[in-house]
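Next come two complexes built around chain A: one with chain B, the other with chain C.
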Partner chain A sequence: MLFAVLLPLLFAILVPMLSKWKHKIHTGIFVFFIPFLIFLYFIRFVGNDFTPVRQVYNWIPSLGINFDFYLDGLSLLFVLLISGIGSLVVFYSIYYLHVSERLGSFYVYLLMFMTAMLGVVLSDNLFVLYTFWELTSISSFLLIGYWHYRERSRYGAQKSMLITVFGGLSMLGGFILLTVITGTTSIQEMITQTDLILSSDYLPLIMGLILLGAFTKSAQFPFHIWLPDAMEAPTPVSAYLHSATMVKAGIFLVARFSPIFATYEWFFIIVSIVGIATLCWASYMAVRQTDLKGILAFSTISQLGMIMAMLGFGTKAAIFAAIFHILNHATFKGSLFMVAGIIDHETGTRDIRRLGGLLTVMPITATLAVFGTFSMAGIPLPFLNGFYSKEMFFEATLHLNEVVNPIANVIIPLIPYLAVFGSIFTFVYSMYFFFGVFTGPKQFDKLKIKPHEAPIGMLVSPIILVVGVVFIGLFPNSVNGTFLIHAAEAVNNAVEIKDIHFWHGWIPPLFMSLAVVGIGALLYLTREKWSNVYHVLPGKMSMNKVYDGLVKNVDTFSTRLTNTYMTGSLKTYMSIILGTIIFVTFIVMISTNGFNMEFNNLAEVTWIELAVVVIIIIAALATMFTTSKLGAILITGVVGYGVATLFVIYRAPDLALTQLVIETVSVALFLLCFYHLPKLEKRKESTGSKLNNMIISIGFGALMTLIAISAHSTEWFDPISDYFIETAYKLGGGHNVVNVILVDMRGLDTLFEIAVLGIAALAIFSLIKLRKDKEAE
Partner chain B sequence: MEIIIAILSGVLMTTGVYNLLQKQLLRIVIGTVLLSHGAHLFILTMGKLKTGQPPILHDGIENYTDPLPQALILTSIVISFGITSLLLVLAYRTARENNTDNMEKLRGTENE
Partner chain C sequence: MTETIYKATEAILDGTVFICFIAISISLLLLLYRMIAGPTSPDRAVALDTIGINLMGLAALVAIYLVTPNLNDVILLIAILAFLGTVAIAKYLEKGVIIDRDMD
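On to the complex of A and B.
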């Protein structure tokens, strides 16, 4: 199974070579066999006696992250959709994309996506699932931005990336929490620990985070906004990713986790409300679109909302209907996207206002569209699969599980009405799609290309899908026992095999369907009259505006924030650094009672030392106030010599010697530079800035004084210096202990100190000697 | 006396930081010099001040001052001298190249 999952990715390595080597033959022909082989591999599993298969391949066993593949009914349904529609889409793209396009990139991305999607639905390990999940986001990003020279493509790609990755990361958070609680990374093992998860305090957080991932991926309200913009991708991509497979990853995730969360009432409330809201809003918005793919995008969103709502209901009938509709939606929506692509390809436009009267010109395409749109609308005809699942949906809305939660009690009676409302608009846009394109006045003069029927190769894929629509419509029970029931069992164990019939007698769902058709037809015919309602709602309101505003404001806000502290002024940076040091150290010292003042065991104060100290203090203070360059340098010299005197007093002859020499050299150096430096100006500074400088410098000085005193007052252990004094002669062979330490006991310090001096000398030399402008001359 | 030296070290650091926060290059270099003086005295106070003879071995003397801080300070003096001289030359070159020693005027362009 691992090989089946990774096959597309492995083949993707060869694709660039193939596209270069055989550039006259369409690369898609080679690629076509990959999904087809995978389809053949997995179709073997279909049957009445299907039992789940589990295969484990080690990846990072120490972290419990392994390629655990678990093929149950749900995975099998998705795997067959992915590989089956994948084959059809690749076949379709052979005719859709011209050889002059960058085919190599296209098929690499597509194969990458295929592996990712197979991985998502087969993984039993949460973290492997997440890995593949993000790979779908990345490959979808690449495919949406396929025509990257178009501004709209880049915008759409970025938008889908930001939204889906936001959801993906939330989901990862949920996964980590789940792993921490259950101590396992396997979903199936988590299902056995459902009680533990349901009693956890983190339950709302876990469910919220995971649902966030599912809702963003499956374009649920209010995260649906990326899907219409993803229509900038080539049509085969839209048909594959944005109708049949990737957008159902969220659905898959919710279905996968249903056994864990199903009894939690907030799961019912949130998923149902979001699903129904998505269904209604997107079907309402779809009627307003003028772009064929725009209509289909909103239609996809609303159908996904419907499936999501059914998963939320969680009743046996609803789960079965959801699974059934996943299959049905994939067939008719895939074919409709391909039809839209054919129309675009053969007329040069997707704008429904410029199309019309294509029925006689493109009869085959029109026939395909009839089946697709009528099935989508759920018209009660015995050969359309859409009707069956729609009717099951209505039935499910009428028989919901009783929940004690007061919020649930409010929404349960409303759900059937909302479902009918959404379905009415579904009917309207379906009719609009078909009749708007294929009937009405011919206006071929507005088209760039003279419309004609598509080549047969392009029609093969949608024909196969439409045959699927009709086949499921005519013989719904043929897919039931062998296939769907296993998928439904994976979600909800207690599903019994139920025959699917076209005719159930005069029951409420049928009346609901008839109401949808009746009111829908009325609304479609009077569309011109009420379309003004869109100026009221949504009017100026739009989630896109929220998104754009968010993206823009985050940008401007962070720029503004960065500009407040990244001023380019060294002084500001120094203030921030020192201020932080002072603040943090003071807080730590005070909170840990670090300041410790003891005044015993001190050396005596003598007048001569005091005099030197006073001189140094006066000199140091004077550097702050002098305005003469020479003065400043000399006063600094005074400080240095003062320190040297202190070294003499404190019995440090080597230090005093070094300090004297170095101070002399330093002052000489200062004086050398003195001539070349501009004059010290009188300081013109604001009082605020002066105050700031004063506070920081005094704070820093006070801090160091306090630390010095309290360090001196604390003695943890005896110094190790006795050892140096004892062994300086015995081991080092010298009388001067300081020198023995420097060259013998701690000789490495000295070595690198010499290196520092050497580097400084080289640097000074190169600063003075090497000039870029001189070289240029 | 340790208290007084600690205060002195604090004063040196105060003036050092104050000079460091100024705009002129020369003052900044002077600030670093003062800071390093402060640090050296700080290290010196950490060993006890004046508890014995200079750490040069003589027969008959038992009591020496702590030699380790002295060795550390010696290393530090040399390093800070290297840094100071490099800074000075850098300041000199900067002032010559840019015709200003005002730090507020020495800024990168917008996109750096």
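On to the complex of A and C.
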């Protein structure tokens, strides 16, 4: 199974080589066999007596991260959709993409995506699932931005990337929490520990984070906004990723985790409300679109909302209907996208206002579109699979599990009405799609290309999908036993086995369907009259505006925030650094009770020390207030000599020697460069700035003084200097303890101080000598 | 007897050193005044030079006070450095540079 999952990725390595011959043989022909082989591999698992298969391949066993593939009914359904529709899409793309396009890149991305998607649905390991999940985001990003020279493509790619990766990262958070709580990384093992998860304090957080991942990926309200913009991708990509597979990854995730969360009442509330809201909003918005793919994008969103809502209901009938609709939606939506691609390809436009009257010109395409759109609308005809799942959906809305929660009690009675409301608009846009394109006045003069029927190769894939629509419509029970029951079992253990019939008698769902058709037809015929309603809602309200504003504001806000502290002035940085040190150290010292003042073991102060210290203090103060440059450096020299005197007094002759030399050399160096320095002027500073400087410098001085006093007052252990004094001659062979320490006991420090000096010397030399401007020569 | 003389000598020495300490400190403070007050840079340069000389004295006194020969190097070094420093400052004040470029 590992090989089946990784096969597309491995084959992708060969694709760039194959694409060199693209003018002789279309690269897609080689690629076509890959998903087809995978489809053949997985189709042999199908059967009425299917049992789940598990295969584990070690990857990082120490972290519990392994390729842990678990093929149950749900995975099998998705795997067959991915590989089956994948084959059809690749076949379709052979005719859709011209050889002048960058075919190599296209198929590499597509195969990458295929592996990622197979990995998502087969992984039982959370982190492997997450890895493949992000790979779908990345490959989807690449595919949406395939025509990267178009501004809208780049915008759409970036938008989908930001939104889905945001969700993906949230999901990772949820996964980590789950792993921490259950101590396992396997989803199936987590399902056995459902009680533990449900009793956890973090349950709302876990569920929220995972649902965020699912909602963003499956384009649920309000994260649906990336999907319409993803329509900038080539049509085969839209058909594959944005109708059949990737957008169902979120659905898959919710279905995967519903055995864990199903009994949690907030799961029902959130998923149902979001699903129903998505269904209504997107179907309402789809009617407004003028781009064929725009209509299909919103239609996808709304159908996904419907599936999501059914998963949220969590009743056995609803889960069954959701699974059924996943299959149905993949068939008719895939075919519709391909139809839209054909229309685009053969007429040169996807704008529904410029299309019309194509029925006689493109009869085969029109026939395909009839099945697709009517199935999508859920029209009660016995050969359309959309009707069955829609009827089941209506039935599910009427028989919801009772949940004792004030919010749930409010929404449960509303759900059937909302479902009907969303379905009415579904009907309207489906009719609009079909009749707007294929009937009405012919306006071919507005088209760039003279429309004609598509080549037969292009029609094969949609024909196969439409045959699927009709086949499921005519013989719904053939997929029931083989797919649906096993898939529903994986979601909801004890599934009721029921036969799907076209005719159930005069039951409420049928009346709901009839109402949808009736009111929908009425609304479709009068749509010119009520289209003003879109000026009221959404009007100015749009999630796109929120997104754009968010992206722009985050950008401007962070620029502004950075500009407040990255001023380019060293003075500001210095005050920030020192201020932080003062603030943090004071807090630490006070909170740990670190200040310690003891004055009982101090040495006596002698006159001479006092005199030198007074001189140093006066000189230091004078340095701050002097206006003469030379004066300042000479007075600093006094401070340095004063320190040398202190070394003398405190019996450190070596230090005194060094200090004197260094002080003199520094003064000389200052004098050397003073000639070249600009005149020191008294800078005009505001009193606030002066006050700030004063507070910081006094604070820092006070802090250091307090720390020094505290350090002196605190003695945790004896100093080790006795050892040096005792052993300097015995071990080091020298009477000068300081020098023995420097070169013998701690010679390594000295070595690197020598290195520092060497580096400094070399640096100065190169600074002076190496100049790019000739002027310096 | 010799011990009494020795003690007396030591007392005289200590007293002298103490007095000298005070004298040098006062002199340093006065030099510091000159150093800060200026008014011209040569004033300061001379003050710094004299501070160096005074520091030599101070170091010598400390050496006597601490009864150690280890500070003799310091005294000599101060002498050399004070000389070098003063020459450098003087040259700077005179020419604006300390090390002349080659006059080719």
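In this section, the second predicted complex is superposed on the first by the 771 of 777 C-alpha atoms of A that agree within 3 Å, B and C clash if a C-alpha of one lies under 4 Å from a C-alpha of the other, contacts with A are read in each partner's own complex, and residues count from 1 in each chain.
As a convention for this text, a residue touches a chain if its C-beta (ideal position, glycine included) is under 8 Å from a C-beta of that chain, and two chains touch if they have at least 3 such contacts.
In this text, all values refer to a predicted model and were calculated from it rather than measured experimentally.
Participant: One more residue to check, A:721. First (chain B), second (chain C), both or neither?
Facilitator: The answer is first: A:721 touches chain B but not chain C.
Participant: So, A:576: does it touch chain B (first), chain C (second), both, or neither?
Facilitator: A:576: touches no partner chain.
Participant: One more residue to check, A:667. First (chain B), second (chain C), both or neither?
Facilitator: In the superposed model, A:667 contacts chain C only, not chain B.
Participant: Pick one for A:711: touches chain B only (first), chain C only (second), both, or neither.
Facilitator: The answer is first: A:711 touches chain B but not chain C.
Participant: In the superposed arrangement, which partner chain does A:653 touch: chain B (first), chain C (second), both, or neither?
Facilitator: both
Participant: Applying the document's definition of touching, compare chain B and chain C: which contacts more of chain A?
Facilitator: After superposing on chain A, more of chain A is contacted by B.
Participant: Look at A:693 in the shared chain and tell me whether it touches chain B only, chain C only, both, or neither; answer first, second, both or neither.
Facilitator: first
Participant: Please work out whether A:514 is in contact with chain B alone, chain C alone, both, or neither, and reply first, second, both or neither.
Facilitator: A:514 contacts neither chain B nor chain C.
Participant: Taking the contacts chain A makes with chain B in one complex and with chain C in the other, which residues are shared?
Facilitator: 649, 651, 653
Participant: Where on chain B does chain A make contact in their complex?
Facilitator: 1-27, 29-30, 33-34, 37-38, 40-42, 44-58, 64-68, 70-71, 73-75, 77-79, 81-86, 88-93, 95-96, 100-101, 103-104, 107-108
Participant: For chain A, which residues count as touching chain C in their complex?
Facilitator: 607-608, 611-612, 614-615, 618-619, 622, 626, 628, 630-631, 634-635, 637-638, 641, 644-645, 648-649, 651, 653, 656-657, 660-661, 664, 667-668, 671-672, 674-675
Participant: Quick check: in the complex, which residue numbers of chain C touch chain A?
Facilitator: 18, 21-22, 25, 28-29, 32, 35-36, 38, 41, 44-45, 47-48, 51-52, 55, 58-59, 62, 66, 68, 70-71, 73-74, 77-78, 81, 84-85, 88-89, 92, 96-99
Participant: Of all residues in chain A, which touch chain B in the complex?
Facilitator: 568-571, 574-575, 578, 599, 602-606, 609-610, 613, 616-617, 620-621, 623-624, 629, 632-633, 636, 639-640, 643, 646-647, 649-655, 658-659, 662, 665-666, 669-670, 673, 676-678, 680-681, 683, 692-694, 696-698, 700-702, 704-705, 708-709, 711-712, 719-721, 724-725, 728-729, 735-738, 741-742, 746, 749-750, 753, 756-757, 759-761, 763-764, 767-768
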